[in-house]
Amino acid sequence: MTWEQLIFGVVFVVALGSSMAMLFMRNAVHVALYLVAAQMALALAFLLQGAFFIAAVQIIVYAGAIMVLFLFVIMLLGVDKQEALIEPLPAQRPLAIGLGVLLAAEIIYVAGKGLELVTGAGANSAALNEINQNPGNVKALARLLFSSYLLPFEATSILLVVAIVGVMVLARRMSASDLVRASKNDETLEAA
Amino acid sequence: MNSVGPGYYLLLSALMFTVGVIGALVRRNAIVIFMFIELMLNAVNLAFVTFARMHGEVVGQVIVFFVLVVAAAEVVVGLAIILVIFRQRASANVDDVNLLKW
Amino acid sequence: MPFTPPDVQLAAIAPEIVLCVAALVLLVLDGFTGNMWNRLHLPVLSTVAFGFAGWLAIDQWGAAETQLSGMVALDGFSIFVKVTLVVFGILTVWCARDHLTRAGIEEGEFYALTLFVAAGMMLMASAADLIVMFLALETFSIGLYVMVGFRQHSLNSQESALKYFLLGSFSSAFFLLGIAMVYGATGTTNLYGVTTPGASEGVAHFLATTPSSGLGLLVLATGFLIVGLGFKVAAVPFHSWTPDAYQGAPSPVTGFMAAGSKLAGFAAILRLFDAILFPLRGDWRPILIGIAVLTMIVGSVLAVVQEDLKRLLAYSSIAHAGFVLVGVIAASDRGVSGSLFYLATYGLTVLGAFAVVSVIEGRDEDRMRLSAYRGLFYERPALAGALTLFMLSLAGVPLTSGFIGKLLVFGAAIDQGYTWLAVIGVLASAIAAFFYLRVLVVMYMQEPDEDQALRANGGIPSNAVIAVTALATLGLGVVWGPLFDLARDATFFF
Amino acid sequence: MELIPGNDIKVLAATTIYFPLITAFILLFFGKRLEAGRLGKRVKGWTGWLATFAIARSFAGAVVLFFELISRPEHERAIAVKVFDWIKVGGFDVSFDLLVDPLSVVMLLVVTGVGTLIHIYSTGYMHDDERYSRFFAYMNLFVASMLVLVLANNVLLLYVGWEGVGLCSYLLIGFWFEKPAAANAAKKAFIVNRIGDFAFLLGIFLLSSTVGSLAMGQINAQAGAMGAATATTISLLLFAGATGKSAQIPLYVWLPDAMEGPTPVSALIHAATMVTAGVYMVARLSPVFEAGDALVVVGWIGALTALWGAFMAATEYDIKRVLAYSTMSQLGYMFLAHGVHAYSAGIFHLVTHAFFKALMFLGAGAVMHALAGETDMRKMGGLRKVMPITGWTFMAGWLAICGVIPFAGFFSKDAILASAWHEHQYALWSIGVLTAALTAFYMSRLYLRVFEGKLKVPEGVHAHDAPWTMAAALVPLAVLAVVGGVINLPGTLTLEHFLEPVVGASHVPEGITPWILAGAALAVAAVGILLARALYMTRSSNVRRRELYQRTRPLVDAARNKFYVDEFYGRVIVMPGKRLAQFAATVVDAKIIDGFLTGIGRATAGFSEGFRRVQTGYVRSYALVFLFGAVAILSILVLRVS
Amino acid sequence: MSDLPMLDIAIFIPLAGALLLALWVPKDKPDIARWAALAITVATFAVSLFVLFDFDAAAPGFQLGSEASWIPQWSIGYVTGIDGISLWMVMLTTFLMPLGVLASWSITARVKPYFVFLLILETGMLGVFCALDLFLFYLFWEVTLIPMYFLIGIWGYGRRVYASMKFFLFTLVGSLLMLVAILFLYFAATGNPTFDYRELLGTPLTLGTQRLLFLGFFASFAVKVPLFPLHTWLPDAHTEAPTAGSVMLAAVMLKMGVYGLIRFAIPLFPDAARELTPMVVALAIIGIVYGAAVAMMQKDLKRLIAYSSVAHLGFVVLGVFVGTSAGMSGGVLQMVNHGLSTGALFMLVGALYERRHTREIADFGGLARSVPVMAGIFLFVALSSIGLPGLNGFVGEFLILLGTFTAFSWWVIPAAFGIVLAAIYLLWAYQRVFQGPVTNEENSSIVDLRWRELGMLAPVLALIVVIGMYPKPFLDRIGPAADRVVIQLKEGSVLPASGVAEGVGP
């Protein structure tokens, strides 16, 4: 049993385990932490598959920035919120789980079939390693990004701008008139 | 050194995606739901990377890069929306949010 | 493998660029001017931008190539969609112009977002690579999430935003998984294939070369793509968000969503299924047929008992998605052109309808209930007349554009031998006619209440929008030849 | 040689119709205004005279035509004139053309002649009625359509007149529409006739499809060729129509009720003319009837109706109803005549009957006029003393119908019985004789009770004789009733000889037989009269009546209740029909059909109302639906793939 | 005169008038609207008279129409033209419309829109009868729907909304199915797809296809006629509609259904028509008897007349489908007759309603005393619709029954019995309304017909007599056209030359 298999075993257990754990954590903070764990594990999986740069980004951007943002918000909304375990919607849980399992089964089945069709015994990671040796993972990525994938790359910038503008709009402090009208909402909520 | 076939990675990705789906359905805290959606995206990322390795190219990794950006953008906006809701209702429970129905 | 910088061809994305630049300019400008001159410069500027973008698009009419290393297709199809979107955009802007004032949410960002969203939709239409498609989709979705939630103070608006957002990102995860599978199956996300180094043959080529036995993964991917795009066009069973989002959003935004995101979504669907995945039609046709039937029936039936006009229109938009799907299923030139025609005319009509709604609803939301329209004809004949026209068009009564749209899509279906589908379609539209008529009943056959007397009065812009859309609805119902020609010539790349 | 060229004959024939018709419309539209007009103020009721004049004019025309005909050689006595095209579609072509031949002329004379007299009578009788001019409008309309009927040269045109007279009888029976009874009677008359006409129409269809034309000439010419079965069917269908119009079993029920109308109407329409349309029609199409076996039916129906009517007449107390039943019975006689191929005899009886029955109706009218509308003969008696003219004239009619020699009725009735005997239809003959006896009885009963014996009038009325206008009508009719028989006396021109070219010769037994038969007829008549006298005029008559009643109680009671025929029809046809219609209206239409069709809509609404709940408003259940859809799609695809 | 396209002018005068009315006449001047509407409709009638005179009965095919390309991409053209059948439909429409306007004089609320809708309706109806392009035809067909919907819904009585909805939806479902059939035909057309009726004639179709398409058209027309059992929208619509609405509905719009059958359903799919004739004939006969039976039991005068329409239209359809020239001509003539009689009846009932504000038969009685003229006219019209010889109704019904007899022999019996039933329900109604003693005091004081009402009834009565006594001019013009259709129904086969493949086509 090679190192890779060993590491993959760990990755598999941690990733899946922690994501399962997310299901059962009643406190949002714990959920977030387990998500971080899962993402760490994924980063490891990326490494194993020769996606060095992405692995780094995964840890820095995702587990770092994004999750921190999550935690901020959670804190803002109050850490001590415990989510009740009772499910108000009838049959939501069983159906969700049932359908989910079915979904997984289908994906795995077809993906499994598709796999040997795509590449016989599996990956020709040789080619990938080739690229990773020369010009090297980052370089290769960069070249693609700035040649073929230039447009998407630029598009992302627009995407981010839109997001920023959106947040500006949403997070704007309400104007006086807004507050007046918003106060009326409370009765509505009482009623509801 | 590739004694672990892509199939296993895909298996993992599929399972995580499913967990994400289920979580998004069974949890009630908006933020938590949202985190599960992030989990789904992560699972897809794993799939991309795996496929990239299968095809012996880095295109898949490039895509993952884009997905990360998208995820970031979504998170920002999403959290903002949740915040707005919370301001009004002092609750992030999505089940409370059902004035609009039928 | 040396680095070869891509030759920069901006023709394909010129309109998008223009819109984005305009949006940025507008943001800055808004920051400076604040509430100076009565906020006319924003819509004017956006209109100019739209106009310029439209002109740039039209300028390319007749081209048929992929650009930017195969990321975007520059073809009649995308140009038709873009120009249509330009029109929608302009109408939305001017309709919003009044609405924002009435609703007291004067924000420059609104126009910026409109422009961005429009740009995203355009990109969606011309995307020749699934990644680009995904990014475009996300761009305009995120934009729309925000616009839906634009009326911060309104619970409904917030709620709509949240629901739309959660489900939207949920569905885009599925869409993304679909893309991943396509990538896995074909080794590329590019539709047409490119020549530049580092990118492989396109999906189309793969389909052409691979034996059908080797397509399992791709077929499954098709399923996920249907799910993701079906959500955008509000096809049953991915429609649930529609009524709530439509109801809560500011009326102009609702109109824009109904018109624009449907068009963008269907543009993607048409390109993907009727052009690229055409060889797989044996696999996706049955599914789309099922979805179409469900969509037409559920949309029509559920609308029957709605009391809130916006919600009613939301359900009706679901039904209309079904009708367009009939054209998609036909998967022929007639089908594509028919769908395009349908989407364009439907967009105009529905924008007009929501413009009327936004005028009537004034400041508060309870004015969106049908009861607020009692005897409207006897107080605002013109307004009621316009709404009547829209309703009849949506119901598919002759001499309105809606009828022609149905004629074209059903005709395409019959042409392809799907007569029974057309029959289901017309039966559904018969059911639909019922609730459109209900609106007329309220406006004409009930006496206005006293308190209705002080109805908000639409400003010049929204009235203009209503007038334009009404004229378009009527005109395209009578002389629809030209638009039909355009739709017919709006062919795909290859 | 002809006195008048064909074209003038056309004009003449047409004008006989036009005059009454136009007058009718003038009076219909402007009657009230004319009454109110200057002339109206000076001469009260001049509109009536206008109408009378129109009829008289037609009578004159008829007379001219008559002489025109006899001036011609026999084989040229059928003149067809075409007035204008009517219905012309593809092969089917029916035009408005008239036939002037002996038969039609005879009818013409009767209709216009009797019509004129009755009009004169009416000017007096209806004098004080508020709808005076309307009355005459209807009367003229009636005469016009009757003339169309008799002059028609094709069956369809005949049908026009046929329904036209039906309409007029409807209008005139319901003339006093304020009386529900009158309104009902009118409706009943029209509908019962419609039922007959329905059959008649079918007959027409069969005719036109077999003959290919509806022209009288062609039909009669091809009658032999059409085959017995078809001919029988046609004849029976047409005859069914006749039973309606001429009040024969089973469709006679409308006639008694029809007495709700003004008496002149009863006289003209329900005695003299309209009801005889059936008789005329059978005679007109005699070749068709001859071609099949329908005549047996005709004869027997006629005979039975004769007897049936006589029975009911014998027990009825209402003068007019007695006369109505008698009319029915006499009509039966005529059909009996046709049944034994004695068409001319039938027509002959038609003519004489027109005279005396009209006379008696008018007499009855005069009586009612005198007794303030009283019609119950039990409240009357000895009226001849106070109203001699009426009395004497009525007596003439009475004797005529009883068949007392030498009154008109004797000859015609005798001719019929003789023909029956000659045809060896002894059953029919004996029924005829029996009927004759009954006829004599009930008529005497009527006459004696009303006019003889000691004076009896309802209290408070001062009985007086009729005004001169009425008398002016009664007297001539009385004369005709007395001497009417001569027209068929063997001599220069007998009626039957005159009619021969149309209906063929009628045969009577040779040798002594006719005299014996005549004697028999006279004998039974005498028996009837004496019986009546015994039962009503002698001191002990009351006792006898009671005894007789005891013995024949069930029969008499049944007869008094019209043998419950109306009830029977009501129970068996009308009620179930109504129930069925009610069911159709309230259950089938409202519940089942409409329920189903609108049910679809309601179901949709309910479906919608139910299914909107799926839109719970919980974003998570939306997601669930979403997921469900996704999984469903994927499953399908997976199944396709593997 | 014939150098001008009189027909098209006639079609569009009302529309132009409607626009004029809508834009120029002020809301608060109802009288102007009334007189304008009257003038416009009269003008239309005048123009249509030119059409009548220019019409040449001998000429084969369609005439007096015009032809213009409209949407060449779909080879849709503006093609109009009339033959002996549509001629009388057009005349009927233009003739009755002014009377309808007169009947609407008593409309006091929202006068202007009322007449606007009425005028649009006229254009729609005329278009239906003149269009020779299926697209154009469908267009006009639907266009008639909207104004009638509003007329019933806004100016109707009682359950007007329900009635109008029912009317609209019933008709819509039918016509949408027809639309599918039309489209199918469009693509099935030999050569390049076309909507042109004259080119579509003789399009070869398998019997199965024909059957389906025929049913598609039939669905639409049968609802409109209305044929049992699709008639239940009619009583409601008739009853709740304002007088003019009922008149137009009964007199013209129902004819649109029959006209459609004659013009399109039969000639385009003769084999299917021939095959399904027994079914249609059976339905028609059921309609005759059933309609009469139900009419008998109605308590509402208008409902009664409505059901009588069901019966009468049964006659018409019967005549059309028995496939004899007598039946066909009779059917067409009967359309005119029914238009006149029933139109007049509705006018009379409307007049009654204006006076007593009720249509319940039970509320009347003995009216002949207080309103003799009205009573007389009512009786007269009733007799014409009973089919009294000498009046118009008889000619039509006789020809129809004659045709039925020659083609279907004894099937005629139930149909002919219909005329007995007709006599029963109409005379009974007449008796209950006009005869007998005056039970309700209000009835003794109501005023008789006014000059306006006499003016609008007089022409109808005149025509009733004219057609009854001298139908020649009508039948002469109808004949050739009718015979053409009969031939199509009997001989015309459009089965593909190469062996008849069963089942649905492409």
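Chains: A, B, C, D and E, in written order; residue numbering restarts at 1 for each.
Simple rule for what comes next: a contact is a pair of C-beta atoms (placed from the backbone, for glycine too) under 8 Å apart; a residue touches a chain by one contact, two chains touch by 3 or more.
Not measured: the values here are computed from a predicted model.
Taken together, chain C and chain E share the touching chains D.
Chain closest to the overall centre, judged by the mean of its C-alpha atoms against the mean of all protein C-alpha atoms: E. Among all pairs of chains, A-B has the largest number of C-beta pairs in contact.
On a Cα centroid basis, the chain most remote from chain A in this structure is D. Per-chain Cα centroids separate chain B from chain D by 97 Å.
Separating the CA-averaged centres of chain D and chain E is a span of 38 Å.
In whole angstrom, the spacing between the mean C-alpha positions of chain A and chain C is 29.
Each chain gets one centre point, the mean of its Cα atoms, and the points for chain B and chain C are 26 Å apart. Residue positions 17, 20-21, 24-26, 28, 33-34, 50, 54-55, 57, 59-60, 66, 70, 73-74, 77, 81-82, 84, 88, 94-95, 97-101 of chain B each touch two or more of the other chains. Multi-chain contact residues of chain C (touching two or more other chains) are listed as 131, 135, 138, 142, 145-146, 149, 152, 155, 162-163, 166, 170, 177, 181, 184, 187, 198-199, 216, 219-220, 243-244, 434.
Each of residues 169 in chain E touches at least two other chains.
In summary, the structure contains touching chain pairs A-B, A-C, A-D, B-C, B-D, C-D, C-E, D-E. Partner chain D is touched in their complex by these residues of chain C: 162-163, 166-167, 170-171, 174, 215-216, 219-220, 222-224, 226-227, 230-231, 236-238, 240-241, 243-244, 283, 286-287, 298, 301-306, 431, 434. Against chain C, in their complex, chain A makes its touches with residues 106-107, 110-111, 113-114, 117-118, 135, 143-144, 146-152, 155-156, 158-159, 161-163, 165-166, 168-170, 172, 174-175, 177-179, 181-182, 185, 188-189. In the complex of the two chains, the chain E residues touching chain C come out as 70-74, 110, 138-139, 142-143, 145-146, 149-150, 153-154, 160-161, 164-165, 168-169, 172-173, 176-177, 179-180, 183-184, 186-187, 504, 506. Listed in rising order, the residues of chain D touching chain B in the complex are 612-613, 615-620, 623-624, 627. Every residue of chain C that touches chain E in the complex is listed here, in rising order: 378, 392, 397-399, 403, 407, 410-411, 414-415, 417, 419, 422-423, 426-427, 429-430, 433-434, 437, 440-441, 444-445, 479-481, 484-485, 488.
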